[in-house]
Each structure stands twice: as structure tokens, then as C-alpha cells.
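You will see two complexes here that share chain A, one where it goes with chain B and one where it goes with chain C.
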Partner chain A sequence: MKVKVKFFATFRELFGGEAKEVELGSGSNIQDLLNLLCDSRQRRQEIFDRSGKLRPYIKILKNGRDIKFLEGVRIELEGEPIQFLGGIHAKLADGDMVAIFPPVGGG
Partner chain B sequence: MLTKDEVKRYERQISIFGEEGQRKLKKAKVFIAGAGGLGSSISIYLTVAGIGKLRMVDNDIVALENLNRQILHRDNDIGKKKLESAEEKLKKMNSNVEVEVIFETINIGNIDELVGDFDMIVDAMDNFATRYVLNKTALMRKIPLFHGAVHGFYGQATTIIPGKTACLRCIFPEVPPPTVPPVVGVTPGVVGCIQATEVIKYILGIGDLLENRLLMWDGLNAVMDEVPLEKNPRCEDCGKEGG
Partner chain C sequence: MIKGFAGVIARVNLSTGEIKREKINEEWARLFIGGRGYGSKIIYDEVDPKIDPLAPENKVVIATGPIGGSNAPTSGRSMVITKGAETGTIACSNVGGFFGPELKRAGYDMVIIEGKAEKPVYLWINDGSIEIRDAQKLWGKKTAEVEQVIKQETDPKARVANIGPAGVKLSRIANIMVDACRAAGRSGVGTVLGSKNFLGIAARGTKKVELFDPEEAKKAIAQARKLVRESKITSVVLPKLGTANMVNVINERGGYPVRNAQDAYDADAGVTGGEEIADKILIKKWACAACPIACGRVTEIKEGKYKGHHGEGPEYETTWALGLMCGVHDLNAITYAHYLCNEYGLDGISAGVTIACAMELYEKGYIPERDVPFPMRFGDGDAVVKLVQIMGEREGIVGDLLAEGSYRLAEHYGHPELSMSSKKQEIPAYDPRAFKGMGLNYATSNRGACHVRGYTIGAEVVGWPEPMDRLQYEGKAALTKHMQDFTAGAIDSAGMCLFTWFALGYVSDYGSILRAITGIPYSDEELLKAGERINNLERLFNLKAGLTKKDDTLPLRLLKEPIPSGPSKGEVFELDRMLPEYYKLRGWDKEGVPTKEKLEELGLKM
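Coming up: the complex of A and B.
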């Protein structure tokens, strides 16, 4: 499947352009997409902290919705949570649009 | 009422929104947090537009390295309080505007008194910690907050209307680490003008505000994007479970 990724502000320099089309295996999620995009040490450092977690101040939208707002949505099987659908685990589908923002904080 | 001089001074904008609109601007009281890059362009354009009262708060001294972007200040202002320099320039630009300056570091303990009975807050800060203080105050008082921020050739702006739009904490829940970002003077020029435009439209009640929309300016590629925003129901500042 193909996903379109849009970069904003300084991420345009980090990722070499305003947008990219990325080919992913079916069933991939945001984490898989970021892993694929972060193919250099500099890119990884900007996106993930040392423990490999997404830096909390990086804003990511999936089809115009903040992935943080999708957090906590679970599929439950016999009362047991089996899957998070939101956050970095949000599943991607063919044609999805993902937007990634660095913090912009100067005045 | 507008004086004869004011009607003449503002004739090119009165032709857009009438003397009634101009009177609305004259009655407005706008609080500007910061007298740096954004604060310069915001305060200059609000002054020449004829806002009745401007209150600026800042805690900094003019330094040589400010002068590439902080267009209120001149070479001979180095070493002066930014506010002293700002007050002097703004009063010369339009003596009809009441400019009030307060040399203070904004924090959660003093913000209430600083904002006083002002109608709206313009964010011209350089850090998110203080922006969250402005956000909380705007929410508590139910007054708008006009957000702007810059980095290099990039900038962003949005208009926060408490109770109606996402708040700053919904949009950016986490404080990024403090940095000294690179800035080309034109960027706070562009973004500050967008914020000042929003303030004027809000006071006049015309046009479409940047409500639930983040405007992203990319000066390097000359592209402006618009990003949809939404309230976070679990926002710690404005959500049902939050403040």
C-alpha cells in the first residue's frame, strides 16, 4: 500500500522535501512508517528519544486527525484489551495522508 | 467618537469597515506578551491601525543580536529595556494610541494582574512554558489568544477562542526543550502581521478567523499550508477532565 507523508517546517530539510510517497506492507502502522522514514542517525535522533520512543512534542496527524486523540481506543476480546488502535500504533491504509510537525517555538 | 484627524488618518481603512469599525478598534484593549520579533510587527501594525489601548509586557534588554528581526529597536537602543524602546517608537507612530508597558517576567502568579481588564491576548513569546500560562489565562477569562511562533524561515499562527476552538495545550500538549531558534527577521514580520490581522478581524467581527486551523508559513518555499485542529477531550487545560 502507498501512504503520502507531508513534512512541515524544519522537517522539510530533515526529510528532503515537502512530501513523500511511501510504500508499506499491509497492516503497517505509524511506527512502521517512522521506522522506514528514519533511515539516518540524524533523522532517528530528531524523531525518537534514546529509548526509541516518539519524542512527545512531535505532532503527527493521520488524515487530518492528531494520532494522540486516537489513543486509548482498544479492541477488546472477551474483556481483554488486545490492540491499541491509536497513537503511534494507529494502523495505516492505502491512500492515507500522514503529516509530521516539529515544534516551532521562537518569537 | 473619532476626531477629525482620526477620520483623516484612517480614511483608507474606514472605507473598508466604516467609522463604526474604527470606533470598535479605538475601544479595544489588546494585551501583547513579548516585545521581540513577533511583538515588534504585531505592536507596530496594531498601533497604526488605531487600537485604543495596547499593553506590552516584556522582561528583556535590547541587544545587538536582536536587531536582525526586532524592528522596534535601533542601534542606539542597545542596553535599554525593550519596552522603553517600544513605547517611544509606538507613541511616535500614532499618538492616538495609549501604549502602556510593564517590565515583568510573565508567570502563573502575576499573569492575572498583568492582563487586568484587557479584551484579548496576543502571544509574542519565545517559549512554550510562558505560552501555556497565557493559554490558561485566556481559557479562565474566556478571552481570545492569538498564537504565533517562528523558526528560521518557518512560522505558524492560529486563533484560540475559549469554549469554541482547540486550546494551545490541545494543539501542542508537550513542552519542547528550550532552544535558541534561528530566525530571519522577515519570518516574525509575516507571522506577526497574520496575528495582527486576526486581532483586527476579531474586533471588527468580520472575515473568517484562524479558528481550529493552524496556518503554517514556509518562507523558504513560499508555501502556506493549513492544518485542521480539534479539541482534545482529555486536554489537561480545557478538556472535561482537565481544567
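Coming up: the complex of A and C.
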């Protein structure tokens, strides 16, 4: 599947452009996409902290929605379905638009 | 005696020429801090809420806060408080630049302007002395020329706050320009000065303001400066890209009103954003007094028909209002229109949104051809430029109506619903359908639609200090109330810039500076309570002016018309899901009137 990724503010310099089209295997999520995009030490350092977690101030939108508030992993516990918020585990689908922002504010 | 204040308020009666000096009321400083709070208390006590805002009985307070003039980051702010010409509500408009600290060094925390001068005048405040000076030859001149000539007539080092042609011609959306490039923009505060034949104030001072505990103040200020340096928003993005860094941020969420809010997304909005401004027109950044952020943009148009013009801006709000709100992608035309707003002394937000309204009225055939000076179509940047010019000059039928703001324009042509305003003040650049908290804030802001009275975008977009889903309704009433009280108490009345909040974030960060500077032992709770008191005082003024629950609303379009495209497609704004809870949290009855108990708790009287 293909997703379009857009970069903004100081991330345009970091990722060398305004947008990219990325080919991913089916079932991929935001983590997979970021792993693919962060192909240099500098990019990895800007996006992930030392323990490999997404830096909390980085904003990622999937089709205009903050991934923090999108559906993520669904599990069953003693027969009851539990839905976790997506974050980096939010699933991607063909044609999705992902926007990546450094800390921004003002206006 | 409390410290941090110059300790004196100047009261200038333009009708009689009398100038009085009054001491700062210490009890009021405790309860209302300074700036917006203290100024609102003066207006509430002294101005009949029912008067015509352009009557001589209206007053204008230009106020600094106790932090103003110190070395605290962004402490160069001042606030203009009056009964607003556009809204008829109590109004306060915040401005940066260098005027506020200079006024304080000249020996005054605030100036109260009352009455009406027989002929145009300005005020020259020079290290304690105050002189009313003739301004007839400057009356109606552009703002930068006024500033320059006043400096020549007084002191090249003076700092000047003045109106331009729009204020002189009583446009209801006239602003007050400081240093010819920063604006006390909203609610028609410049119009009220114009109605008094009052051009502005020049201030120059060399006095020092005494701090309560200089060592402690130094520590608290150093800590605040450290936080500003450490925040990537205040140390990287705002200086690098200016406030317009938000264009893509908001557009990508589908909350960027387009063509008079007929849509809320534009695939090419980025060409009017901070990245493009930095790339195409930025000459250098600009900072207000004591500001380490420097979000201001000094720009020059380098190509096309406006090539060679230079000035300050555009900002996030004006690149939107004069841009995509009017369907315009031409950054050069937007920038030139922004310069013109500064030159005429027009509020850039209201000017752009009023033009967008005119364009929709025109395209729908609601403005008769005989009134129309030229085609006013969405997407035409040159038309926006020309419309700002005829608005500033009040030229022709449409120019004269544009100067009245969108509500009066749309009402004149029988379609007030096409004015994107609340309490007659035009909305800023966040579509309430895509940001539910911001919508509630627009509807309940005491000065009409406003983003900076309760900046819920912090939580809804930036994720600061805690993230909240922008589309959820739950919790937004509490968020809105909190941000409104926080802003009123700890920021607007202290005399700092809202942008520090991206770095400081918590009431205690402001409290530590305020305590060290004033010696008043404000707790975090007391500062929030002061903010609540200020919001309730403003509310009482508005209720007495005749506003009711019906005015706490938004244009029908935002309530009923789903966003047609983009990431927030299908969204409307359901005010009823939050307003009753908001009233309850505020301690107001179902009609939005503060209860007796709430007023007693805050020490206020109806």
C-alpha cells in the first residue's frame, strides 16, 4: 500500500522536502512508517528518544486526526474487548495522508 | 506599599484639559492585578454600560501590568480597555512593542483618557510631565507618518501609540498602532480614541521601577527565561517561522476557515504560511521589549506588482483573514494588504473577515450593482488590496460600509447571518467546527469572538500542557473556563505575552515572578481567582449593557452547515453540548447571569 507523508516547519529540512509517497506492507502502522522514514541517525534522534519512544512533543496526524486519539490495538481480556488509543500503533491503510510536525504554536 | 508599579495613574480629561495624578489603589492591585484587570475595574466603575461607545462619556484606559517594564520575558505588553466601538461590550486589546515599558519609566502605570477634545490632540508624557499637544496637521495621516512626526516633535527616543485614518474616520474596526508595527487591534479600541479627537500618546522615561525582592525577582525571571529557551516552540518555531507557522498546522486538521468559512480546508493553504514567508519575503525577525522569542516578521515584497514595498507581517491571523478567508493564495497581495491595514490603522482580522463577507454577499447577488465599485470575487488578491484601501478611506458606498465591520455590512444588505462574528466581532483563524473548545471560547469571550482570551488550541492542537482531542465536547467547558481565567489573571493583567505560556504553562511560573516583583503573596489559587473575578466583572458590564445569553453564540453557518471537505468534513459546532455546563462551572444561572453567591465569593456587586 501507499501512503502520502507531509512534512512541516523545521521537518522539511530534516526530511529533505515537503512530501513523500511511501510504500508499506499491508497491516503497517505509524511505527513502521517512522522506522522507514528515519533512515539516518539525525532523523532517528529528532523523532525518537534514547529508549526508542516517539518524542512526546512531535505531532503526527493521520488524515487530519492526532494519532493520540485514534484507535490502536484491540485486545480481549477475559472475553471483554479492550480498545487502546492508537498513538504510534495506529494502523495505516492505502491512500492515507500522514502529516508530521515538530513542536508548533502561536498565532 | 506594593512594588512593581510606578504607583501613579494619569487621568486626562480632554474636554476640560485637566490632568490629574492618582495613586494606584493597593486593594485593587491585589484583586485585579493590573493591566486588563485593573483597567476593566476602572471602566466598570466609571462608564455607564448603556452609553454609545463613541460618546464623550466613554473612557479609554491604557494600562501596563506590574511585570511590565521589568526584565521578565515579554514584559513589554500593554492593554487598552474601553467600551468597544464594534461590539458595544467591554473591550480590551493587548499590544506589544515598546510603548508600555516606556510609559512606566515615564512614571505612569496607566493613562485614563476621558471626555472629548475640541480639536485633534495627542499626549506627550515626558518623565513625569504631561502635555496635551495640537495634532491637527497629523489628523488623518497614515500611522507610520504620525509616529515619525510625533517623534520629531517630541523626542526621537519616544515610544508612540497612535491611530491612523481608520480611527479618525471612525471605522468601527480601527486599531491603535504601537511603534507603527504592533497593534492593539480588536474591538474598535482605536475608534473610541478617534471619537475623542485623540490621536495618541508619546512617552519617554528614565525612571526605574522598584522591585519588592530584586534577588528573588532575578531568580524567577532567570527561570522563566530558561523555560522560554528550552521550549522548542518559543526558541525554534516562533522565531524561525513566526506565528504563521500555524497555517499548515491548522489547515492539516481541517480547521482553517476558507471563503468566509464556506469550507475549512484548502490543499494549497501552505503557500500563505510561515514556511513560505520565511522563504520568500522575510528580511529579519523582530522582537518586542524584553522578548527573547522574536516572532515578529520584517518583510519585503520581492516580486510582482507590489514589489519593493516593505513593512512588518503578515501574522498567522492576517495571512489567513486577508488570504484564504477571502480565497486568496497570493502571498504578495496578502502581505501588501497587511501593510495597508497597519498604515490605515485597521484591525487585520476584522478587515479580512469583513472583506470575505462582502465577497460572499457580492457573489450571491445581495449587493446591488450600483453599490459595487469593482468585482469582489473570492480568490482575487488585488481586490482584497483595493477593498482595504476603500475601507480605510471609507470611500464609496461599499467602502463606507466595510469600515463598519462585517456584521453591520451584512445586516445592511439583509443577510446578517453571513457575518462570521460573535457579539459583532469577527472570528479569528480557527474554525469552531474543528476545535470545539475554541468555539465555546469564541461564543463566551466578553469582547466578542476572540482566540487569545481562552487559547484552548494549546490542549486541542499543541498538546500543551495536556493533550485533548479537538473534536471531543467532554471536558471542553472546564478547559475553556480554565484558560479564560488563567489568561485574565496571570498573563493579561500581569503584563506578559500569551506566547510565554507555551514555555511556562503553569500559574505558578507566573506567580513566582509576580510575588517577587510586587511583594503581594499571590497564591496560584488567588491568581486564578483574580482571573475569574475579571471575567465576571466583564460579564456584569456586558449584562448591564443589555447583552444576554442569546449573544453567547456563533454564526448559524458554524452551528448548522457541516464542513464540506478536508480532514474535518461533516463536522458542525454543537454549542448546546457545552454552554449549560460552562454556565454551571462559572457559577452562573441558566441565563448566564452570575449568581449572588458567586458574586459574593468574588467580592463583586451587580
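Following the convention adopted for this analysis, the second predicted complex is superposed on the first by the 91 of 107 C-alpha atoms of A that agree within 3 Å, B and C clash if a C-alpha of one lies under 4 Å from a C-alpha of the other, contacts with A are read in each partner's own complex, and residues count from 1 in each chain.
Heads up, the rule we're going with is that a contact is a pair of C-beta atoms (placed from the backbone, for glycine too) under 8 Å apart; a residue touches a chain by one contact, two chains touch by 3 or more.
If you're wondering where the values come from, they're calculated on a predicted model, not measured in any experiment.
**Q** With both structures lined up on chain A, is it a clash or a fit for chain B and chain C?
**A** Here the two partners, once superposed via chain A, clash with each other.
**Q** In the overlay, answer first, second, both or neither for which of chain B and chain C A:Tyr57 touches.
**A** Both chain B and chain C are touched by A:Tyr57.
**Q** Between chain B and chain C, whom does A:Gly16 touch in the aligned arrangement: first, second, both, or neither?
**A** A:Gly16: touches no partner chain.
**Q** Figure out whether A:Gly27 sits in contact with chain B (first) or chain C (second), or with both, or with neither.
**A** In the superposed model, A:Gly27 contacts neither chain B nor chain C.
**Q** I'd like to know which partner A:Arg65 touches here: chain B for first, chain C for second, both or neither.
**A** A:Arg65 sits against chain B and chain C alike.
**Q** Please indicate which partner A:Val104 is in contact with in the superposed arrangement: first for chain B, second for chain C, both, or neither.
**A** both
**Q** Let me test your reading of the model: by the given contact rule, A:Gly95 touches which partner, first (chain B), second (chain C), both or neither?
**A** Neither partner.
**Q** Of the listed segments of chain C (171-179, 207-215, 369-377 or 585-593), which one clashes with chain B in the superposed model?
**A** 171-179
**Q** Show which residues of chain A both chain B and chain C reach, each in its own complex.
**A** 6, 8-10, 12, 18, 56-57, 59, 61, 64-66, 68-69, 99, 101-107
**Q** For the complex, which residues does chain C have touching chain A?
**A** That would be residues 231-233, 236-238, 240-246, 248-250, 252-254, 270, 274-275, 295, 315-317, 429, 451, 457-458, 461-464, 467, 469-472, 499, 502, 566-568 of chain C.
**Q** Any idea which chain A residues touch chain B in the complex?
**A** Chain A reaches chain B through residues 6, 8-10, 12, 18, 56-57, 59, 61, 64-66, 68-69, 99, 101-107.
**Q** Along chain A, where are the residues that touch chain C in the complex?
**A** 6, 8-10, 12, 18, 56-57, 59, 61, 63-66, 68-69, 99, 101-107
**Q** Under the stated contact criterion, what part of chain B meets chain A in this complex?
**A** 34, 36-39, 123-128, 148-152, 154-156, 171-177, 179, 181, 183, 188, 216, 218, 220-221, 223, 225, 227-228, 230, 232-233
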